[in-house]
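Chain lettering (A, B, C, D and E) follows the sequence in which the chains are written, and residue indices restart at 1 in each chain.
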Amino acid sequence: MLGPIIETLIGGLLTGVLYALVALGFVLIFKASGVFNFAQGAMVLFAALSVARLSEVMPLVFAVAIAVVIMVVLAYVIERLVLRPLVNQEGIILFMATLGVAYFIDGFGQTVWGSDIYKINLGIPKDPMFFFEGVFPGGILIDREEVAAAAVCAILVAGLAIFFQVTRTGRALRAVADDHQAAQSVGIPLNYIWLIVWAVAGIVAIAAGMVWGSKLGVQFSISLVALKALPVLILGGFTSIPGAIVGGLIIGAGEKLAEVLLGPILIKTFDLAGGGIENWFAYMLALVFLLFRPQGLFGERIIERI
Amino acid sequence: MLYREAGQFKTSYQADQAIFPIAQDRWFVWGLVAFGFLVLPLFADQYLYTEVLIPVLILSLAAIGLNILTGYCGQLSLGTGGFMAVGAYAAYNLALRLPETNLIVVFLFAGLMAMAVGVLFGIPSLRIKGFYLAVATLASQFFLEWAFARVKWFTNYAPSGSVAVGKLELFGMPIQTPMEKYLFVLAIVVVMTLAAKNLIRGRLGRMWMATRDMDIAAEIIGIRPLYAKLSAFAVSSFFIGVSGALWAFLRLGSWEPLAFDINRSFQILFMVIIGGLGSLLGSFLGAAFIVLMPIFLNQLPGILGIPMSTALISHLEFMVFGAMIVFFLIVEPHGLARLWAIAKEKLRLWPFPY
Amino acid sequence: MRAPAASDIAAGEVLLSVEDVTLSFGGVVALRDVSFDIKKGEIRAIIGPNGAGKTSMLNVINGFYQPQKGSISFKGETRTKMRPYDAADGGIARTFQNVALFKGMSALDNILAGRTLKMKRGWFWQMLRIGPALTEEIEHRKRVEEIIDFLEIQAIRKVPVARLPYGLQKRVELGRALAMEPDLLLLDEPMAGMNLEEKEDMSRFIIDVNDHYGTTIALIEHDMGVVMDLSDRVVVLDHGVKIADATPDEVKKDQAVIDAYLGVAH
Amino acid sequence: MTLKILGAAVAAAVGVTALAAPALAQNEQFIPALVYRTGAYAPNGVPFANGIADYYKLVNARDNGINGVRITTEECEFGYATDRGVECYERLKKKGPTGAAYVIPLSTGVTFALTEKTATDKIPLITMGYGRSESRDGTVFHWNFPLLGTYWTASDIILQHIARKEGGFDKLKGKKIALVYHDSPYGKEPIALLTERAKRHGFETMFLPVTHPGVEQKATWLQIRQQRPNYVLLWGWGVMNSTSIKEAVAVGYPRSQMYGVWWSGAEPDVRPAEGGATGYNAVTLQHTAGQFKVHEDLKRHVYDKNQGSAKWDETGEILYVRGLINAMLGVEAIRTAQEKFGKGKPMTGEQVRWGLENLNITADRIKQLGFDGVLQPIRVTCQDHEGARTGRIQTWDGKNWKISSDWYTSDDKVIAPMVKDAASKYASEKKITAGCLN
Amino acid sequence: MASRVSADADTFPKLLVRNARAFGERPAMRHKDLGIWQTWTWAQVLDEARAYAAGLHRLGVRRSDTVAIVGGNRPRLYWSVTAAQMLGAVPVPVYADAVADELAYVLAHADVRFAAVEDQEQVDKILSVSDRLPKLEKLVYDEPKGLRDYDHANLRAIDDVIADGRKALAEDGKLASWLDAEIAAGKGSDVSIILYTSGTTGQSKGVVLSAERCIAAAMDTVAFDRLNERDEALSYLPMAWVGDHYLNYAQQFVAAFCTACTETRDTAMADLREIGPTFFFAPPRIFEQMLTRVMIRMEDAGVLKRAMFRYFIGVARRYGEAILNGQPVPFAGRLLYALGLLLVYGPLKNVLGLSKVRVAYTAGEAIGPDLFSFYRSLGLNLKQLYGQTEAFLYVTAQPDGQIYADTVGPAMPNVDIRIADNGEVLFKSPGMFVSYFKDDLKTGETMTPDGYVKTGDAGFFDAKTGHLKIIDRAKDVGKLRDGTLFPPKYIENKLKFYPNIREAVAYGDGRDFVAVMINIDLTAVGSWAERNNVVYGSYQELAGHPLVYDMIAKNIEETNRSLAEDPVTAGAQVKRFLILHKELDADDGEVTRTQKVRRGFVAERYAPLIAALYDGSAEADISTEVTFEDGRKGSISARVKVRDVATVPVKPAMGKAA
């Protein structure tokens, strides 16, 4: 029994990394602009579609490079046409606007790139690796793609960390996250900052899109992985990059373990028509966490003042 | 411009606090209700009933429910679809298991069950605020969706997971034709809207709004956050539950949990925000907008005679819909109801600009 | 023209007493062993330089903060843990330094909200809004109108408060507190940011409230002139510690108080 | 009328003056097309919709319609969402001089939702290879036509094939068969038959629902890896199919032990998995991929005139061909109806229903129509709205679908009683008196 | 004349009793209080007034006592009038905004023993001068706020008095019948009220009016305008002004219509809009203010709306009055006017609260013809009446359909008018006063031996229409040094029609030319400044701004052109003007409480400026003492610029007065 548990745990953790990748995009934008960006999922789809379709006619490297340009342009357009006119609006309004943006990008992406299932080939072998075959019957299965995803994620996080710590823009971003006014008084144009974060989020979306796309194929449904990233967010906190990573791992491992271990028990006990508890388990898990830490695992403590 | 308010003075508080203190508004609304009950049935055809009027009315009710929670009490929720499902399945099971139950009782039961579930899932709102709460309510959405798909009892062990209602009747009158369904829905919506309005302009409504506007100050004037928030969840869920039951019984006839999925939640949220947070009128306007807009966009190329592939039309529909939402938010972040209010204010002050 | 003389107050019944209250946030001590009492019918001022812990004191009194040590007794009952709504229930109302009105509501609704605790009809009746619910609603509207009349804000009763100038907002906030018919009214800098005329109006209202409704008032105020004119007794806090507690005249002469105020640029 | 009023309503709402719908000629047969060319199911929806559209074009171009009655059609996008599908139906059902001839929803959810409505509106509902399995009982489901096969047929054929591989149904005892299904009425349809067969033959079943749209299957396949069922049946749609196959690859489940329903056995389902899908099987709805005789006409009359909906290479794909078949059956039903109710006249839904119920396409006729090798003869009766229940197994060889078995026919000894039960339960619920309509 | 008034309705208390009987359930009085329009029926008013009278009696009010009434328009103060009259006492309403000094003078002069006042403010004011009022015994007040801790030995709340009276009436049947007898004992010849004129010059005079004359006068006008118990009027003008007493008391009691008191002074306009009176009375100033506000608000409207507004106002100018007067109008004109009614006039009247007005009057001073036509062209049946306190308001009034902006109409029924040799208008009317209180000398001066009253206004009957035309105060009409006729008020009124000009004071009598001092309208000019980015820190700075001068100069030039059109006034064109650095203020005695300019006083006060106007200098320094609202005094000094304006050349001979 231990074998499958370990295997599920590892599988879950690796899936969690993928969730974390999407959540990372959310966090970046929320941290710097206070926007709950529901279009992140659509951005992932759009980025993945771009890479997939471009890579049909050119080497992957160029495809990715062009996709980066596309995402930066997209960030610029969003900043210009959506965020700027809505500056100083309430969070819920911005949230709605990003939903609108999500619709637009979904439609636009499918118009430009098509709505079939497309491939991104990262050149990673699809067949699984098996470890400890001597210890556990059947061994421990590990998906190479997911390992690759974890690697990508690690590189991204490292890159972002460097970006935030070392570069001037990065430091500015942190300043903005802490205090909008203060940041402006230091002389950093807020619009510029927003453009940067959206562009960075777009690039994160490319990474997420490529990894997901390589795994599942690039299709409209990818945009729905955004929903999977939400419990990660509340668990990790809306503003914490480490939170997104750790949250992703917990959610990924938690829901897979729940599905595999708890699912059959629930089915037996309640005579259910199948399991599928992973659909809500992540949320419930996050909810329970929230009840104890309303600001998420790594979120800043909310101090109420009067 | 059309308003002639001079001379409409109030000699009692009851008149002063009327829902429509201005006579012209009152006439307009009575006219509208009369139109809805008496005139529309004279010429409406089946499509108008089943695809426009009934959906708009039922979803308006759901939007009112969400508006009570989000617009009036400030608690963002993405669990509307789930609560609608509770209403739908509660009604289904009551009607199934006690077939003689009066339809009104069935819908009340649907509302009450949704209310109970809503309160349960509202409890986290005491600790969690804003988007955290919104995401937390997704938990209820996914859980409920799952529960109705998996727990066989809810669907009476239907092998397909799809359930259907039998013939509907109320006090011996059949509710079968689209017109009958429409009138039934309209009556329920009118009555419940009135109830919602009364709650909102009463003590409970002030408690909600106080909690929404400044929870600390609300607490200090003696409003218990627990009570205010949970009552908002309760009332909101009641409305949503009834609308869910209506949606299932009068709109769908047969349904599966997918009818109440996350997209439904978003759809209702769109209605509330495009319509206007904190406005009952907005709930109706928003519902009409969100229901009619895709239909309209979908047919627009045909109407204009522009040949276009179906795929392109639907992609464009997505794009235009998204763009319109952004556009509306930029033009008037407070929704159609605010636009309406501004227009009304302009008309009242006409010819003055302010 | 004020009716009860200070000496009457001193002998009067204690409405609220603060005993040895210590409050700290993390390591920062906001209040240390503060004790004083407020007697029925008086206007009690709490003064002190910035950061003296005045607002914290009010927050402790109405239950927003829980002191680490010490207790509060109100109307003879000692409570250690209390939430703000319990305080409200018990008869403590307050206003805030920065106006804390319900921005989305009209002045009338804001004040009506202050009647929440006094209204008793259940949901069902409210939903129907006939019979008892309507009677109740009207009865309370009338009470609120009396307050509106009292505060002379008739012209703005239906205006959303967000559109009102600051001075009027403060008045509406006072109205909301009055609507609670409190036994003890806490005013946190009721005149902050007001011009001379508005201050005079506000002073008049405070005195009238004390007079007309017999409400006990505890107020924080920076304007010393106002404090001296209005209050019967004054508590002086400095860095979370009580340094004086006497009549305005005595406080004015108190060396510790003078030092405390000289320490800051005032 | 409908359109005008809607137009007015919408125009009133949006402030645009309504344009009257163009008047329709009287000698036209209107057939609505509910399609999904966008969203999560577009990869499968698009070729099917293209096949249908092209066949109508062909009939118009080659034969000048059905005995001179030209076919007009209008697509309505519903994105596989039940409520929007119903809206499309409502919008289009009264178009044309005689209203909709029939409806092809290509969605079991919409089928459920429309079953009652079409009965009221008197419009036949053609659900070729999907829909509710019990609806083949035409005495109860007068308006439903699950032509060519229901899911019970599909699952029975797969089980027969597995049994044959194992050496007989008795060899299934103790075996474990999993069903990975799209969590919707569609995916749940085979459960009844599997349960029934499991009871008879003593094999174990495992039902693993996959939530819409089906990209989250990791846990499902981890379970499969751990439980190691002998066979996995796949009842997916859209992107779920390819994901299943990819996940199977990822957990190393042998594709050769996987059997998909005919909706999980087309090119978009296997191609994204590339080599990983090799060995994967699916039951056919009689036909497989490839270009047939009818394609010659298509090329001549449609594609050479640049009027094709798809790219020419795609016309040989399974779902495209299936679209052709479906349209052909519909057209033949209209033709049959015309025989009785008047040649050269557009038929009403009621008349088309008669045509469907008396549809009898012989081998000769199939040859005539150019569907030789695609289809077996089909004969619909009032008792049997399915018409034919045969199928083969095909296997993906990495590039193409290859037929890998003989014809099977589903076992009516097992299915017929189930149909009877379910249909009579439905009849009693809905208070329908069983019997044939005229 | 008094014979027309029947004996059972020859006093107001008797009328009240009649109304309570005839219209018992109809509303008599409304007051916006506690957010809604509290309403009293005639029966309730009678009940309140009786109880009040009984209470007052118990407080010591006796026949012939004078009772001062100080405060805004409030039901209880109106009832104070009735209650006093019931007891045979004489009510003396006093302007609520009178400073303590003025108040002391009136109260002392009227030998007031009792005063019914509005609130703490008035109580304080009276208490502050109590040493000058030895006869004053008791104060009753309406609004108890802030008065709780006052010494109540001589202070009562009106509510308490009424409650006390009611209790006494209930307990003591004899008191009730005594009161009924007392009411019945009232005679038409009794003094009904003493109204103190604001006095354009010098101290106020107490105009004594008798009940039967008041009632007779009111009966004539009620019949003239067909007022009845279904009419509604708004009470917002000072109670001490004859206009208010006439409208909201005499006419109200006679016609039994309903009078509504505003909530506070700030809400008068909102209250007007809510009530939507059918009968409306306002001095020209109010109409002027309304128009100014309309124009200012329209300035902020969008281009389209403004264009539409202008266009339809133009249409109204062309056809509006003709339509109102029932004259023939081309069909297209009617159509356009109907459209205008829908788009502009109707809504405009609605937002001003005038849409239900059946009859509107203006009086008190001459109204600018343009202003007058503006309202009439909107379809508002605005009419002028001419009169004065001594006539109990009216001498002439314009009948429906015979409206000429420059005349004040023919003599009212039962009024006899005579033009004296010096041009002064003399009259004899049903409502004419009895005497000036305690001032037989003045009474004698004002009355001709044959019983006509001198109005002090110069005027003549228009030959064409037979309507009276008032030029100016008889003693104000002067001549320039060259003998040209100089009607100052005529010029001033023309100037004041410009929204920018709040007040104008014209000089020229015995001088070479006409010069004016202007008060800008802060609202109008301020809003103009805001739109044109003119920065200013104070009224003074704005008034002295060169651009403001330019603007005013343009207005004056236009006025000159209009003066030049009429040969009589062509010579009196304005040659020089200045803009005053402060507003003319009643507290400083520069204008009366009814906002009439005291020309002589102003000339004296601003002598250096007058000098500068005539000596050709470009600017002058001035320092004036002012009284602040709280009674403190201070002084303002300023350097005021003087400007020349262009005039239209005329043949000098034409301007000579005959």
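Keep in mind that, in the parts below, a contact is a pair of C-beta atoms (placed from the backbone, for glycine too) under 8 Å apart; a residue touches a chain by one contact, two chains touch by 3 or more.
Quick caveat: nothing in here was measured; it's all calculated off a predicted structure.
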If every step must land on a chain the current one touches, say how few steps get you from chain D to chain E. 2
Which chain has its C-alpha centroid at the greatest distance from the C-alpha centroid of chain A? E
Going by average Cα coordinates, which chain is farthest removed from chain D? E
Comparison of C-E and A-D by number of C-beta pairs in contact, larger one: A-D
In terms of CA centres, which chain lies closest to the overall middle? B
Dist(centroid_CA(chain B), centroid_CA(chain D)) in Å evaluates to 36
Return the distance between the CA-based centres of chain C and chain D, expressed in whole Å. 73
Where chain B and chain E are represented by their mean Cα positions, the distance between them in whole Å: 56
Roughly how far is chain A from chain E, centre to centre by C-alpha average, rounded to an integer in Å? 75
Shared-interface residues of chain D (touching two or more other chains) are 37-38, 42, 46, 183, 188, 209
At which residue positions does chain E touch at least two other chains? 32, 35-36
For chain B, which residues are shared contacts with two or more other chains? 12-13, 16, 149-150, 161, 216, 311, 314-315, 317-318
The chain C residues in contact with chain E across the complex are 1-3, 108, 141-142, 145-146, 148-150, 152, 154-155, 157, 204, 208, 211-212
Report the residues of chain D in contact with chain A in the complex, numbered from low to high. 37-40, 42-43, 46, 183, 188, 207-211, 213-216, 218-220, 222-223, 225-226, 238-239, 242-243, 246, 249-252, 268, 271-276
Chain D partner contacts - residues on chain B that touch it in the complex: 43-48, 50-52, 55, 149-150, 159-162, 164, 166-167, 251-256, 258-259, 261, 263, 288-289, 292-296, 298-299, 302-305, 309-311, 313-315, 317-318
Chain B to chain C touching residues, read off their complex: 12-14, 16-17, 195, 198-199, 201-204, 206-207, 209-210, 212-214, 216-225, 231, 235, 278
Write out the stretch or stretches of chain B touching chain A in their complex. 70, 76, 124, 127-132, 135-136, 138-139, 142-143, 145-146, 149-152, 161, 216, 262, 266, 269-270, 273-274, 277, 311-312, 314-326, 329-330, 333
